[in-house]
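Have a look at the structure below, then the notes.
As written, the chains take the letters A, B, C, D, E, F, G and H, and residue 1 is the first residue of each chain.
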Amino acid sequence: MTEEIIIAGFGGQGVLSMGKILAYSGIMQDQEVSWMPSYGPEMRGGTANVTVILSDDRISSPILNEYDTAILLNQQSMDKFEATVKKGGTLLYDPNGIIKHPSRKDINIYQVEGAEEAAKMESTKTFNMIVLGAYLKLKPIVIMENVIKGLKKSLPSRHHHLVPLNEKAITRGMEVVKTIQTV
Amino acid sequence: MAKELRLMKGNEAIAEAAIRAGADAYFGYPITPQSEVLEYLMGEKPYEKTGMVVLQAESEVAAINMVYGGASCGRKVMTSSSSPGISLKQEGISYMAGAELPGLILNVVRGGPGLGTIQPSQSDYNQAVKGGGHGDYKLVVLAPASVQEMYDFVEKGFELSFKYRTPTMILSDGVIGQMMEKVELSEYKPRWTHEEVVKMHPWATTGKTADRERNIITSLNLQSDVQEEHNLKLQAKYKKMEEDVMFEEVMCDDAEYLFVAFGSSARICQKAIQNAREKGIKVGLLRPITLSPFPSVIIRKYADKVKGMLSVEMNAGQMVHDIKLAVEGKTKVEYYGRMGGIIPIPSDIVKALETKLIGG
Amino acid sequence: MAELTFQDIVKEENLVYKKTSLLTDKALSYCPGCGHGTAHRILMEVIDEMGYQDKTVGVAPVGCSVLAYEFMNIDMQQAAHGRAPALGTAIKRIMPNHFVFTYQGDGDLAAIGTAETIHAINRGENILIVFINNGIYGMTGGQMAPTTLPNMKASTCPFGRDVSIMGNPLRITELIANLPGAYYVTRQAVHTPNNVRKAKKALKKAFEYQMNVKKGTCFVEIVSNCNSGWKMTPVQANKWMEDNMFPYYPLGDIKVPE
Amino acid sequence: MAKVKGAIVVDIEKCKGCEVCVGACPTEVIGMAKEVNGKGYHYAQMANPDACIGCANCAIVCPDGVITVYRAKQIA
Amino acid sequence: MAKELRLMKGNEAIAEAAIRAGADAYFGYPITPQSEVLEYLMGEKPYEKTGMVVLQAESEVAAINMVYGGASCGRKVMTSSSSPGISLKQEGISYMAGAELPGLILNVVRGGPGLGTIQPSQSDYNQAVKGGGHGDYKLVVLAPASVQEMYDFVEKGFELSFKYRTPTMILSDGVIGQMMEKVELSEYKPRWTHEEVVKMHPWATTGKTADRERNIITSLNLQSDVQEEHNLKLQAKYKKMEEDVMFEEVMCDDAEYLFVAFGSSARICQKAIQNAREKGIKVGLLRPITLSPFPSVIIRKYADKVKGMLSVEMNAGQMVHDIKLAVEGKTKVEYYGRMGGIIPIPSDIVKALETKLIGG
Amino acid sequence: MAELTFQDIVKEENLVYKKTSLLTDKALSYCPGCGHGTAHRILMEVIDEMGYQDKTVGVAPVGCSVLAYEFMNIDMQQAAHGRAPALGTAIKRIMPNHFVFTYQGDGDLAAIGTAETIHAINRGENILIVFINNGIYGMTGGQMAPTTLPNMKASTCPFGRDVSIMGNPLRITELIANLPGAYYVTRQAVHTPNNVRKAKKALKKAFEYQMNVKKGTCFVEIVSNCNSGWKMTPVQANKWMEDNMFPYYPLGDIKVPE
Amino acid sequence: MAKVKGAIVVDIEKCKGCEVCVGACPTEVIGMAKEVNGKGYHYAQMANPDACIGCANCAIVCPDGVITVYRAKQIA
Amino acid sequence: MTEEIIIAGFGGQGVLSMGKILAYSGIMQDQEVSWMPSYGPEMRGGTANVTVILSDDRISSPILNEYDTAILLNQQSMDKFEATVKKGGTLLYDPNGIIKHPSRKDINIYQVEGAEEAAKMESTKTFNMIVLGAYLKLKPIVIMENVIKGLKKSLPSRHHHLVPLNEKAITRGMEVVKTIQTV
């Protein structure tokens, strides 16, 4: 199994930590993982993205040109990464703030109302966990138990009391993910 | 005992490894893409735990000279920077080599020349390997290709640098510095005590006691014959360093062609090997792990076996010359590379192999 | 008479304020609310008003304002980190009738560039140094600068600047004011209209001193926010700046020509 | 007596929504739009246009220089 | 007109040549064995005559960045130093190469590494030729072998550096910098006027006039594709530089062996040729005058003719690798050298030829 | 009783003054009459008297005193030009109970090393900086230093230092005294017995502050002659120093602990 | 009353003849030798030994540290 | 013709300028010349030496290990350079301050009382010209006319009034040179 993912959005959306939790979850089930962020001033104020790979085998390049899955959380990311999804691959996005929705016909497309659901949960910080839940519903590459372990690993222990809330958010994400198109 | 696994950036791995290897001091100045080394250390406050000194210097020049000062005390001292900052350290590095000091220097290379780009590159190969500073000297140069190697090479780097009393450079790049992978952490090694240092490194400036002559750390020899003797001693040492050459062979057994690549490029070559072998091209990878000493002997050996070698680099073609020197004309050597922070694509590498060597 | 409508007011002849043409149309690369933009603008306004675009050479530093040349519609050079005053020295000596300025951050000017700053000013190079002090390394992601306040957090002092380990913040402006080569030294801010007006006046003075008086270096510090580095909203950052930066870096003239 | 009346034009696409102008306005003219621009910022706009006196304070502090100010005399 | 002859030190010749070549500025910092350059200029006060700026900088780092600033204005600007000081200039040199600036840098090499010795050496060959700074770049490197060439290469150096918009380095050493020989002086060339500069160097920051876009001098390209394009453009330029390769052949016609040597070493090889020929050994000298571009083509040509080449260097063997790369295994290439400030003796050179190539 | 003969007096028990054993037997490489020798001696005397030879690490600069390690019988490091304070910083932080000093000339400390000097002191590094100000670059043959006096001749200002081109002499000692990290700053001389005694006292104080008080950098400037560079006899040079150097660099304490 | 009497011993071969000691002596004891040492320097010597009070001023200022000073009490 | 000379003595004796005048004289008669001093701190306070070569042919190495002529003006120089005179070559020295006189049997040895004669001429500055005169008597490699030209070239014009004095000194040197031994 190898899953190659790009997660992209605004700086504040928790894109990087979402990738980190995913990667940690992979470690928890003995997979090889890599996590490669965009870095430098290009991040400033603007977009952030991270490439995450989980694999049963040694990972060669941590930087990719095309992905099994793209998780896109703003318009700029949509513009930049829609085209990079492999044929037959998966695109998951939050429609909030999206003007130009994805138009490719050869990929699976899903939506998750992450921002909206986070507002409902009265914690904008849960946004990325809701999106993660949606993703894991589509691609159960790591089991929930390991996600929780990964979450604990990537959170400093003083934040461990937030784990149940995050778990709830993940579950919520799994529930609300919507299929737009499958191929 | 269960091994401790952690997901870390390459830069963080360096920092954590330093603490666990019992490093005595780190001196550095921020620069992308390696500022996490200093940031991580400052977050960990090792000065409160192991007593390791961590200091943000006023510049790269100050930092390398702090390393000189600390190393002269027989301690494990390190610094890190990226290309422009490493250029500024060249005088200091030459001084350290001249004064025969150990020490660890991490270069997380970005694209040059000049301010260039902050994206990953391997264009500081020549600087690291041929000596960017003045005079005849050599560093030990280690080229990690994973976050685990970033971690491991801290201890290895210190070891070699004390063994040969010459600075070790870890030549990494923005990919390996910024990416996270899982790392197996080692046990904490205690820092050397003052008494241990005095015993192990009788050359160090630890304070002149009655039982020995004063110790002097200098690279100055006003008399030419003394300086020449010193130079010859250094050259002999560099020759001896070849014992510690390190490289990795991937699918070389049946290979008709060889990729030669280090660091990030080597990882991408692994994917290129898969692609190529699917096409029926028998290609392997020879990955120099020590760029200095350079694995010339093994490359020379393969020169008799393979039909050609492709040096894959993230620069304009630098290591390719060392490969050519190694093969002594016995096989064809070509170069393929990308520049400016662009990572070569596996399919393009295979294409280059086909056009430059197989078709050519 | 009827109330004026929006359309009535927004007419060329009613124009009160418009961005100077010495700023290019490119959107600034700075974070929302960052003072660099304002500092850029008033500097270009002064040059515009003096009509010296064709006689000006600016030097951009390494720092967030490394791309200043993308925004300032004048001839510019991009200097290695900290070395802008060396470039400025050469430019001015080779073209003594040109207006030459450097634009530098606190990391650039007061850390790695300390020697170049002090010696250019000590030689009394007849240039303008614009010094943006935001108490942090903005560009590289918020590391401690020489000017970071005691106990202030930055990515390389995540528990706050510990002066016992990291030293006290460096008041480089007061320091260089001691040098005979420093002709006019002032500290300004650009977060309120009033401060912007004062800062612009200071720049104008510096301009006149350089072109007409020619008696030494003019040094205009602008205490500015780095809301990203400080991890605040721009409005919070400006408030924090008033409450914390200004007491340590009090605004006003530090050295004025006799 | 002639009363002055002002108006501002914000280059919406370049506004970064920093809100620095808001506090700088002596007559509380400026508010932030509910909508975001292409870059995702809630941009500044005249929330209370009648109060604008065209003093240019907002434009003077706008870090991105995206405000243009006009002023006309209202002959009372 | 009678030619003007003067007995001058190499360092003085550089300074006088600068004034006469219409140089616009010199920025430098004292260091043995080249301080005479600045001293001579200060004694001549060209700022009162031609208007040439002469300034003692606070450091070598400041000096090279002053050169950057002045060169960016389209002017003929230069600096000089010796090995440790040249190491400090590496960041600035890489910036100049990246920003495509002309400029002249004199390195009067002394023995390294570190503080080393002030005696003559050629151990900065690699640094000059392979790029001691970060990133992929090349300088024009001229290696004078006489005081007259020190003089001549100032004008030549400026010419090439403006032609290719890359810095030129004159790689000299303590022998040539300190010795006096007779020099034929050239006429005074007036400095370019501001108007000439504006016309000749439309890229220079001379003040943005209404009739052109603003000029920007920078080496920064945040986008990788743009930076790669820039890198490719630089590489193409370096390739083109090969047109201007310079070398000297001494008694090569009938040579069975070749000394390859530059600068001081080349002079001593001339005496060694006499000695050897007296012994009946047919040996010639190929002297690279441009070390970059390196005269690979002519060396390759001789590789088919001679039985072997001996690279004679005042270092641990640096240029020898470039000779090996040039000959592509077609003839034997050996190295003989001295270090630490010691000048090879003609008889020892001949002995080395005999044992390493003829006997060997 | 008979007059004491030479032989009577020259006996171990009558010994009043003898070179300290912390100076090696090697003949000093300095020119006749150069103050470097005296400065070396009193520094070693202090360390000798305090009994701290085994706890001392010194840093030699690049300059005439580059070979200080040949003469001082203690562990020493030779620093790159100007960087001694960086070395000192590292040594002291790594071995905080050792006595650490740098010994630097005016070119080393106040030109190329300006940034290292200022930042080490600003951090309040608990070291001693001994600063030999002879107004010239002695080692390299008498070039202008940052401290060369106005109109004073040197090989790179053969017509005298023209302050309009070369800037004013830098009073780096007064400058760094402004830094909070500077704990004790004094200017001394060693050309007369009285001055030598005072300078030695200053060094002793610095020693005690470092080892016992630990509150910042001690900085002892010694205004000294470079008779070779000044092209005078040693005796003339000392006189010239009193007449010309001291007015510009007045002797005495500049900053003393409260 | 006990009168003090001093004497100095100059390490002749290491003396560089700088004459700094000469002016430092309060009792004008020191003069320069006509002869030169191995390095070609006219070295310092007691020209007027009786005047020496062993104050060590000369030794204290000698840059090369080549003077050793002795003092004894002359029991009058 | 090629003449390879080492001139060595104390710093203040005018060793370097004597070499310079000799070299300039060579240029005046169209010879190739080279002048190579010892340099750096080794000069400080101590000795100075210069290698001068005059030749009809292109000069290869300006640094030599043995010389046709050695002109030695203090004991240290004598110790260092006596052995470097070629067999059958020439050693000229000023006996003033010399304790260990030259002992080689295979070279020509001459003395010139330069210091003494200079004192007689009441100008210590003429010392090196007296020595030069002695040398030129032994090895008339350049004619007097060209020496004077060389002198003028190497002296700044404000010192040209000293030329007659120097000429006198050269002549004096030619007169007082003493043969100790010839081979």
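In this section, a residue touches a chain if its C-beta (ideal position, glycine included) is under 8 Å from a C-beta of that chain, and two chains touch if they have at least 3 such contacts.
Please read these numbers as outputs of a predicted model, since none were measured by experiment.
Novice: So which pair out of C-E, B-F or B-C basically repeats E-F, with more than half the contacts the same?
Specialist: When the residue numbers line up for over half the pairs, the pair is B-C.
Novice: A-B versus A-D: which interface comes out with more C-beta contact pairs?
Specialist: By number of C-beta pairs in contact, A-B is the larger.
Novice: State, to the nearest whole Å, the distance from the C-alpha centre of subunit C to the C-alpha centre of subunit D.
Specialist: So the centroids are 25 Å from each other.
Novice: Where the CA atoms of subunit B average out and where those of subunit F average out, how many Å apart are those spots?
Specialist: The mean C-alpha positions of subunit B and subunit F differ by 40 Å.
Novice: Please compute the C-alpha centroid of subunit A, do the same for subunit H, then give the distance between them in whole Å.
Specialist: That pair's centroid distance is 86 Å.
Novice: On a C-alpha centroid basis, what's the spacing between subunit B and subunit G, in Å?
Specialist: Each chain reduced to its C-alpha mean, subunit B and subunit G end up 60 Å apart.
Novice: Touching at least two other chains at once: which residues of subunit D meet that condition?
Specialist: In subunit D, 16 touch at least two other chains.
Novice: If you look at subunit E, which of its residues touch at least two other chains?
Specialist: Subunit E, residues with two or more chain partners: 32, 55, 58-59, 61, 84, 91, 95, 99, 114-115, 118-119, 218-220, 222.
Novice: Residues of subunit H that touch two or more other chains: which are they?
Specialist: Within subunit H, the residues that touch at least two other chains are 40-41, 45.
Novice: Quick one: which bits of subunit C touch subunit B in the complex? Just the residue numbers, please.
Specialist: 62, 66, 78, 80-82, 107, 111-112, 114, 137, 139-141, 143-144, 146, 155-159, 165-166
Novice: For subunit F, which residues are in contact with subunit B within the complex?
Specialist: Interface residues on the subunit F side: 53-57, 59-60, 66-67, 69, 72-80, 83, 86-91, 93-95, 98, 115-116, 119.
Novice: What part of subunit H is in contact with subunit E in the complex they form?
Specialist: Residues 20, 23-24, 27, 32-37, 39-41, 58-63, 65, 153-154.
Novice: Flag every residue of subunit G that touches subunit H in the complex, lowest number first.
Specialist: Touching subunit H from subunit G are residues 16, 36, 38-40.
Novice: Any idea which subunit G residues touch subunit F in the complex?
Specialist: 5-7, 9, 14, 16-20, 22-24, 41, 49-50, 54-57, 59-72, 74-76
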